[in-house]
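By letter and in written order, the chains are A, B, C and D; residue numbering begins at 1 in each of them.
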Amino acid sequence: MEGGRLGKGERYLILNLKGYADSFSEASLRLAGYAREAAIETGANVIVCPPEPWIQMVSDAGAVTFAQHADPYGAGATTGFSSLSMLRAAGATGLLINHSEHQLRLSEIEFLVEGARREGMVSVLCADTVRTVVAASVLQPDMVAIEPPELIGKGISVSKARPEVITDSVRAIRKVSGDVVIIAGAGISTPEDVRRAVELGAEGALVASAVVKSERQRELVVAMAEALQR
Amino acid sequence: MEGGRLGKGERYLILNLKGYADSFSEASLRLAGYAREAAIETGANVIVCPPEPWIQMVSDAGAVTFAQHADPYGAGATTGFSSLSMLRAAGATGLLINHSEHQLRLSEIEFLVEGARREGMVSVLCADTVRTVVAASVLQPDMVAIEPPELIGKGISVSKARPEVITDSVRAIRKVSGDVVIIAGAGISTPEDVRRAVELGAEGALVASAVVKSERQRELVVAMAEALQR
Amino acid sequence: MEGGRLGKGERYLILNLKGYADSFSEASLRLAGYAREAAIETGANVIVCPPEPWIQMVSDAGAVTFAQHADPYGAGATTGFSSLSMLRAAGATGLLINHSEHQLRLSEIEFLVEGARREGMVSVLCADTVRTVVAASVLQPDMVAIEPPELIGKGISVSKARPEVITDSVRAIRKVSGDVVIIAGAGISTPEDVRRAVELGAEGALVASAVVKSERQRELVVAMAEALQR
Amino acid sequence: MEGGRLGKGERYLILNLKGYADSFSEASLRLAGYAREAAIETGANVIVCPPEPWIQMVSDAGAVTFAQHADPYGAGATTGFSSLSMLRAAGATGLLINHSEHQLRLSEIEFLVEGARREGMVSVLCADTVRTVVAASVLQPDMVAIEPPELIGKGISVSKARPEVITDSVRAIRKVSGDVVIIAGAGISTPEDVRRAVELGAEGALVASAVVKSERQRELVVAMAEALQR
């Protein structure tokens, strides 16, 4: 999986470990292991977005690793900021851009989408309404994730509570982009939610607390990856 | 060396590796090794601030490791942000706060200084004029670094070109804080600059490009650490 | 001229007075007078964007008045921020959004475009590349202004130096929006520049320093308005 | 009343009209009238901070007028930002800096305090804890306002609920500055609160919703101004 060259018909499960204490250090590594196993068992692409200090470790462990964010600067005298090339050097092969918890200016988004293309990294551009997700698609990222803020971390299923957010988005996105990968980015708590999202037209799911806070992480990751592939 | 418990009469050399491509991955690790050796050879505290993805690696290699920045949030649903506890878990035992390249709000600075104290991390609060460095000292960080922006990365020696910035700062800081460690935070390129800074009243130096861009990193780090101790 | 109801075939000259000292107080009022006269003489829409403290005065003087910016908050306990309803109450009937000197997050842009629609204000959404101006058009503002940053305030004519920025933008915008008004937003210094921009497909021009710094403001504004109408 | 030349023993009532719809246009003007009358009747300094679009109007009406905020830029190509000189030209003779609803970086605060001094404007620097208000005092603004965020707009009296916030602040501030004017900046709802704040060592009060939302604005402003003077 490389930026600009995502395979046709592929499915993606993206695990955003956020900044939870439950995601620190060994916890990231453990989830990376489950992700790798789920990918092998199901054939789905299972991607881990660890907190930044563990990108190298998760990548070294063999999981497909994306950054949760990049700063819109190049490498250089930028104390405490993380450029695309820095994250690439640490092993990230893609990144989330404009997550609802870390929003960016329009020009910064374009900088990062273009930069990711140049670095060969997969860009996953997040947006939170039908209109902004279509605007995001115009910028030609590899993937767009639609994440209605009212659903994030709430345990409300996007595919049950507001299926039209996905179907409307898919229809509207396809008018401006035939090939951007569409990810259901909020309200995914169960394998059933994943399955429904795919039925509604999504090609993947972005999951966070449901997996991080689960007591049966391995089972859940595998079941979600399986639900994607059916 | 622990937050709130810095030894009397200690001296500190802080290496800020910034976001330079020359600081990525193995380069951070190599500098961490030189830092460790210089500390052992000279008795000075030599601290490495690597780019965030390599904090864990540098810390595991046995160097005293500080973060270049922390975000003013706690652990949680904070995608792409780095809390103090996250950086602590990765091995950082201290951090730079409000570096001139990554400036913060007054209330965020207080949040981080207080938070560092609670986490047992050493806080190095940067400011760029005599007045702001005194204001910074009032917040009771463990260290204050004075970094006049016109000197940063310019190869102009703070101790030669503007020695009064250090002497005035030291005098003014001591009126509000008897024990904050005072670091010369810009315009340090040579061991001679370090020696002069100490003569002028500083107890340490914060160095970046001079070391990162040097072709003789090991020699320079050792010579600077020696200059501190004399 | 009202948000959402711009007349077909209308042309627009938008004068952005920025924060120049030459735009303060009476200077804004004087330009407002020229704008009114130029509108009457030529039939073009001539719009003045004064510094915020003089919106009420310029509006009271009878000029069509737009704000240079609005903050993405509603009315309330928002000290020092300016909501759409505040600017509306002061007499602004439209506003610039995301000017290159005052850039906004994607979600803030959507908030303001939607809010302007509800308040009956004309939204002029600025963007600086072909791709972002098309993404901007998807959000359905009343107008989009394309302002390549390398041309702003440089005295380089967008229509001469880089006519393809306008023609490519017009072509790409029309694929996603049939009715958004397209404004040439940088590199306009002379009436000739205005005329060329219209020939290339723009329906208006956004001008700043060329007018503010002119010693013959009245003549220039009238000549630009005339160039629009031909 | 001029920046750097506040009279000894003077008392100040500062009315922050915020961005409330109840403060727009004529409402600002009406409050400006009450402020003027209260100043004449009581001898106290009564200052009005209107929303930015009405600074000129309030100042023209003869009230002492402060801005709620200034942006840390000079006059120039700064679309939608408000410099000190712009606000001065509109009639503001002082300004709030770093209000809890509009917080600034440490270096921006210093820029504005220094700039206000040069422009002859009165600087009122807000901070929200004992420690930050002392740090703020080191920067030598004309006034510091202490505003514990848990009291803002809550109707809880700072002088009753947490009198130690004022007394501790006064004591700590006086160690670093003999002449900065100390303002009680939150939790002031009644004339009695004002009287208590003065007894505890404050020399003025910053009031917002209590006055803006009052149905007897004139009476309340006069009674608060009287309470100051006793």
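In this text, a residue touches a chain if its C-beta (ideal position, glycine included) is under 8 Å from a C-beta of that chain, and two chains touch if they have at least 3 such contacts.
Quick caveat, the model's predicted, so the values are computed rather than measured.
*Asks:* Chains in contact with chain B and with chain D: which ones?
*Replies:* Joint contacts: the list comes back empty.
*Asks:* Which chain pair is joined by more contacting C-beta pairs, A-C or C-D?
*Replies:* C-D
*Asks:* At the place where copies chain A and chain B touch, is the share of residue numbers found on both sides over half (same) or under half (different)?
*Replies:* Same; most numbers are used by both chain A and chain B.
*Asks:* By mean C-alpha position, what chain is farthest away from chain C?
*Replies:* Relative to chain C, the chain whose C-alpha centre sits farthest away is B.
*Asks:* Could you work out how far the Cα centre of chain A sits from that of chain D, in whole Å?
*Replies:* Centre-to-centre distance between chain A and chain D: 46 Å.
*Asks:* Indicate the whole-number Å distance between the mean C-alpha point of chain A and the mean C-alpha point of chain C.
*Replies:* Roughly 37 Å separates the two chain centres.
*Asks:* Provide the list of chain C residues touching at least two other chains, using ranges where the numbers run on.
*Replies:* 100
*Asks:* Treating touching as the only link between chains, describe the layout with one word: line, ring, star, complete or other.
*Replies:* Here the contact pattern is a ring, one closed loop where every chain has two partners.
*Asks:* For chain B, which residues count as touching chain D in their complex?
*Replies:* Residue list for chain B touching chain D: 98, 100, 103-107, 109-110, 127-129, 131-132, 134-136, 138-140, 175-176.
*Asks:* Along chain C, where are the residues that touch chain D in the complex?
*Replies:* It comes out as residues 16, 18-21, 24-25, 51-57, 67-69, 73, 75-83, 85-87, 89-90, 96, 99-102, 152-153, 208-209.
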